[in-house]
Amino acid sequence: MGVVVQNIERTDKQLAEGLGASGVATVHEAQGRKGLLASYMRPIYPGARIGGTAVTISVPPGDNYMVHAAIEQCQDGDILVIAPTSPCEDGYFGDLLATSAQARGVKGLIIDAGVRDVRDLQEMGFPVWSKRVFAQGTIKASLGSVNVPVVCAGAYILPGDVIVADDDGVCVVSRQEAADVLEKARKREANEEDKRQRLAGGELGLDMYGFRQKLTDMGLKWI
Amino acid sequence: MGVVVQNIERTDKQLAEGLGASGVATVHEAQGRKGLLASYMRPIYPGARIGGTAVTISVPPGDNYMVHAAIEQCQDGDILVIAPTSPCEDGYFGDLLATSAQARGVKGLIIDAGVRDVRDLQEMGFPVWSKRVFAQGTIKASLGSVNVPVVCAGAYILPGDVIVADDDGVCVVSRQEAADVLEKARKREANEEDKRQRLAGGELGLDMYGFRQKLTDMGLKWI
Amino acid sequence: MGVVVQNIERTDKQLAEGLGASGVATVHEAQGRKGLLASYMRPIYPGARIGGTAVTISVPPGDNYMVHAAIEQCQDGDILVIAPTSPCEDGYFGDLLATSAQARGVKGLIIDAGVRDVRDLQEMGFPVWSKRVFAQGTIKASLGSVNVPVVCAGAYILPGDVIVADDDGVCVVSRQEAADVLEKARKREANEEDKRQRLAGGELGLDMYGFRQKLTDMGLKWI
Amino acid sequence: MGVVVQNIERTDKQLAEGLGASGVATVHEAQGRKGLLASYMRPIYPGARIGGTAVTISVPPGDNYMVHAAIEQCQDGDILVIAPTSPCEDGYFGDLLATSAQARGVKGLIIDAGVRDVRDLQEMGFPVWSKRVFAQGTIKASLGSVNVPVVCAGAYILPGDVIVADDDGVCVVSRQEAADVLEKARKREANEEDKRQRLAGGELGLDMYGFRQKLTDMGLKWI
Amino acid sequence: MGVVVQNIERTDKQLAEGLGASGVATVHEAQGRKGLLASYMRPIYPGARIGGTAVTISVPPGDNYMVHAAIEQCQDGDILVIAPTSPCEDGYFGDLLATSAQARGVKGLIIDAGVRDVRDLQEMGFPVWSKRVFAQGTIKASLGSVNVPVVCAGAYILPGDVIVADDDGVCVVSRQEAADVLEKARKREANEEDKRQRLAGGELGLDMYGFRQKLTDMGLKWI
Amino acid sequence: MGVVVQNIERTDKQLAEGLGASGVATVHEAQGRKGLLASYMRPIYPGARIGGTAVTISVPPGDNYMVHAAIEQCQDGDILVIAPTSPCEDGYFGDLLATSAQARGVKGLIIDAGVRDVRDLQEMGFPVWSKRVFAQGTIKASLGSVNVPVVCAGAYILPGDVIVADDDGVCVVSRQEAADVLEKARKREANEEDKRQRLAGGELGLDMYGFRQKLTDMGLKWI
């Protein structure tokens, strides 16, 4: 522990933003239903939808010293990802850190712990997905690391990976797969639009997808 | 397992809508404080208030095949009720299924599991009460049943029962009791309005309800 | 059990309101990071921010008889604090009690249990911080006490203490320390404003706080 | 609420005991994977395995008055099933009630709430499956009902149904299906014994069940 | 923060041991059903039953520095009570600290966090009631306090109060009330022995306690 | 998804067993407090302590098809590690699978889901650390993968890594670091034995570790 990795390879910014525009549910499907963070990761206010590149921070429980070190490593289009080394719900992050992060172009925060000053964060337009909202402060006494691999809310995240977050939750896309996943996500969206119109017109999924026959073959009885 | 019951007896639509207008807290009181679903069932957006007739779906964990079969059974004024056979927080339902359900007149969804595309659902005006918001997808591999009795979030629900849901949660009213409960609910409302005005005027519940004497008799000391 | 303490010493109303204006995160820091209620205490609607003096209620599980007795003890600027003697999520409090409380000048409710009629409460502008939203009703069968010390959501609260609550949660400030904490809170706010501007201008916390040297001395490696 | 149903039809005692001997996992499989209570229902001590007929009790939260009324309805081979009408973890049941129940031939208790005196209960050989161990006492102030249908830990249970409980948890078998389920359970056991010996001898399930070909057909790659 | 109170008034040792012998359920009832710690406080091994005087420790999350300072303050018959200032499940305490505590006559540990080396602790006969078993280590970087009032698992505990702990959980008895509570506890025990024998002989609680008439008067129907 | 990696590099068996003998708490400290699985991973019976090499299985929720494929990949000294792709508490594993695994020399199972037949598993001496004990069965319908990297209960695990598990929980040690960690673990143990004897003799940690001066310098007051 105790390193700050300064040069990381980031996913292309256009890709990250494109994935952000597709949204979590679509991206998650497009990459084969992997990369989702735990369902307890909730937005502090509704309506935000972002895609960006991860700057990861491994922090001790109740200690936010390394968050300050991480902000220097951020650039336009990044998303901070904070993972404590043991379970913690303290409020590592508030409006001052958000002000600093926003000044460097950071688009939001993903934290497997607590956050505070949530009203200010909403007014600033700085979205956060967190395990808790909690005013409990942290100390600055121990080292952690910046831009190392982390497990955050059950997902393995490398620095430079794409983070997609919206009202459905948070998903990570690996840098290597981002272009491919974006292409698949866009195909899904195009495909879904057609289905949506047919379903809105009253056509049944049972018929449109051919499920009626398959279910009958499996033994389903209509009684 | 593996049946779709096609002809169910539904509670009268007017009754269901009337109960919906009374709201969960009033209906729950009016029927003797029973029928409430667990408190973890929360609306995906605030402000919705519905009453309708249950189309129930018993589903395997992580498998939403039967939801497609259920939509064909729906008619105007119905509410979908999805109960997995073992605990699951996967996102069984999203905007495409909601589009299809809405096209058939379904008023909303109650699901003891996860839901996704919540921003789209809010924009469509399709309310959902769920255990989780989670983008995790489901498969289509196993049978379940439609319009069978289910236990959903701790409440026993029969197809055709009335579901009432608002910001306070979700409540079920049995088909047999719906008319009686609606009558009692309306009496409560009339009665409450009078009390509300007296309380707003500064009268104390201690006096209005005669509690002061009773509490003193029970031994309460004012010191 | 079974007492209503009628004459309590309240913190000065100006102090309580001043602390409310500073907000939970600032007050909690200003008093040395103590007094915070558990993170599961959440507001029923966003945006409320209050400071007031505690009228405490120790209640049996599932029984709200004493809440009626407590309202008589309330005066302008008070905040109700309800703590059950064993864990409970029933809805002790709804719009009628809120109407009565509001008529006496009560600013809101803190309850380590459930609340209902939340839509009405929002429309009335009566904020509540609770463990649950749950329509489950309570009975009136047993005594409890009003204005005795309670443990509410993990915090020890005396009648007359200051309660501060906003979107970040709930914090208690003891009557004896309120003036001192308010002074410290205001200093923090003044101090933070300056920092906020420097951070917004792009200055790094690493430099502004002198962390860079300290972290290096502790062994942090930039690689 | 407020009834004691005195004459219930019980499943045949031999059937109940036979199902108890088969155990929860086998019975649950034999009846098509239904009837399991939630996984939070745990035994207060390891090693107990029982099968018996349900005497059900619907109780208010924190009130054990009806448990006393229920014991009179018990006979040899029964199992008490206690379900509160709203979530509660109070200790409804201790060594005195167990002494009384045991004197009437009751084999154990299933309770979706708390239990206490667990050391005494273990010494008496009176097994309990509960949501919590908790010394919190209850009151005797309100009515409930005995031998009515209940939802207990997510399972719908009728009086006279068979309860099977062991270290794996708790399962209910309906009276109508008990004989059929027992027969299927016994077939499973006979069948499993043969499989166990082949697996113990080193034969692979992949081969024994013919899974290797099926998995390959589904696209599984060995690399 | 940052004080060690060296001279505390302890409850008389005989009283504490007497209360320990009565056990948690009896003591909790005898003192009017108060003082119970949360039900998540579980023993690391079954069968221990202790009563002793509290040496309290308020600790930062993830930092066990003050536990070392506390051990010096312990004497024969004490029980350590550790309460973190924000929720934490780290393992503050293991076999080395237990060895040191045991050498000073400490009878056990109550901790609203984690503990580790549980197999060693069992072999040493050093019982612990904790929120978690977790090997996660702690640091030694920040001050806390010894022998100050704490809220531990929802109960307010002063140094020198009596702690009673057994398989049913943990209860605190205030120093001032200990003698009175012990007397009441012993009366309960004497009284219970008589009841136990009558119940074991088949007499019903319904009759023995006179509940049959009361329940009938309340409206209970036997059908 | 859908691969079985057949040739993995395993950590040396002696190293794995040596780490197992050191135990979770020691190994976790020795490797710098990382690699611990979540505290909800508990042994199904007390007293087991194992060290072995991971055969990892990524499974769909509620589907144990791939466990059968994994057993063929096991050899003497391995430990199975099962991680579902979304949260699940179903019982993926019981006595038949354990029989088969044990026949191939597998030492135990780590599963971030449920397990059943726990009494049989204890009798067989096949230890399991799991999130739940739950009899709920699984299906065999979908592919997963064997010997791919997984996140299990919050820890990132590669096939061939060392798993250490005992009553304190579960820890992973990477193959590359195993030799170094074992050496450090043994040094800790030697060092601890000396400390244990001094502490048992009554020497205080405050003095033995030199904490008294440091705490005083930090501002701790003895009063």
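Letters A, B, C, D, E and F mark the chains in the order given here, with residues in each chain numbered from 1 onward.
The rule is simple: a contact is a pair of C-beta atoms (placed from the backbone, for glycine too) under 8 Å apart; a residue touches a chain by one contact, two chains touch by 3 or more.
Just so you know, these numbers come straight off a predicted model, no measurement behind them.
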{"item": "Any chain that touches chain F and chain E", "value": "A, D"}
{"item": "Contact-richer chain pair [B-F vs B-D]", "value": "B-F"}
{"item": "Separation of mean Cα positions, chain F and chain A [Å, integer]", "value": "28"}
{"item": "Centre distance in Å when chain C and chain D are each reduced to the mean of their C-alpha atoms", "value": "42"}
{"item": "Whole-Å gap between the CA centroids of chain D and chain E", "value": "31"}
{"item": "Rounded Å distance between chain C and chain F, as computed from the means of their C-alpha atoms", "value": "41"}
{"item": "Junction residues of chain A, two or more chains touched", "value": "33, 36, 39, 86-87, 89, 134, 136"}
{"item": "Chain-level touch network, classified as line, ring, star, complete or other", "value": "other"}
{"item": "Chain-to-chain touches, reported pairwise for every pair that qualifies", "value": "A-B, A-C, A-E, A-F, B-C, B-D, B-F, C-D, C-E, D-E, D-F, E-F"}
{"item": "Complex contacts: residues of chain C adjacent to chain B", "value": "2-6, 45, 65, 68-69, 71-72, 89, 91, 94-97, 99-100, 102-104, 114, 116-119, 132-137, 140, 143"}
{"item": "Of all residues in chain A, those that touch chain F in their complex", "value": "1, 32-34, 36, 38-39, 85-87, 149, 151, 154-156"}
{"item": "Residues of chain B that touch chain F when the two form their complex", "value": "60-63, 86-90, 134, 136, 139, 141-142"}
{"item": "Chain D residues within the chain F interface of the complex", "value": "24-25, 28-29, 33, 36, 39, 42, 46-47, 49, 166-169, 171, 192, 195-196, 199-202, 204-206, 209, 211, 215, 218-223"}
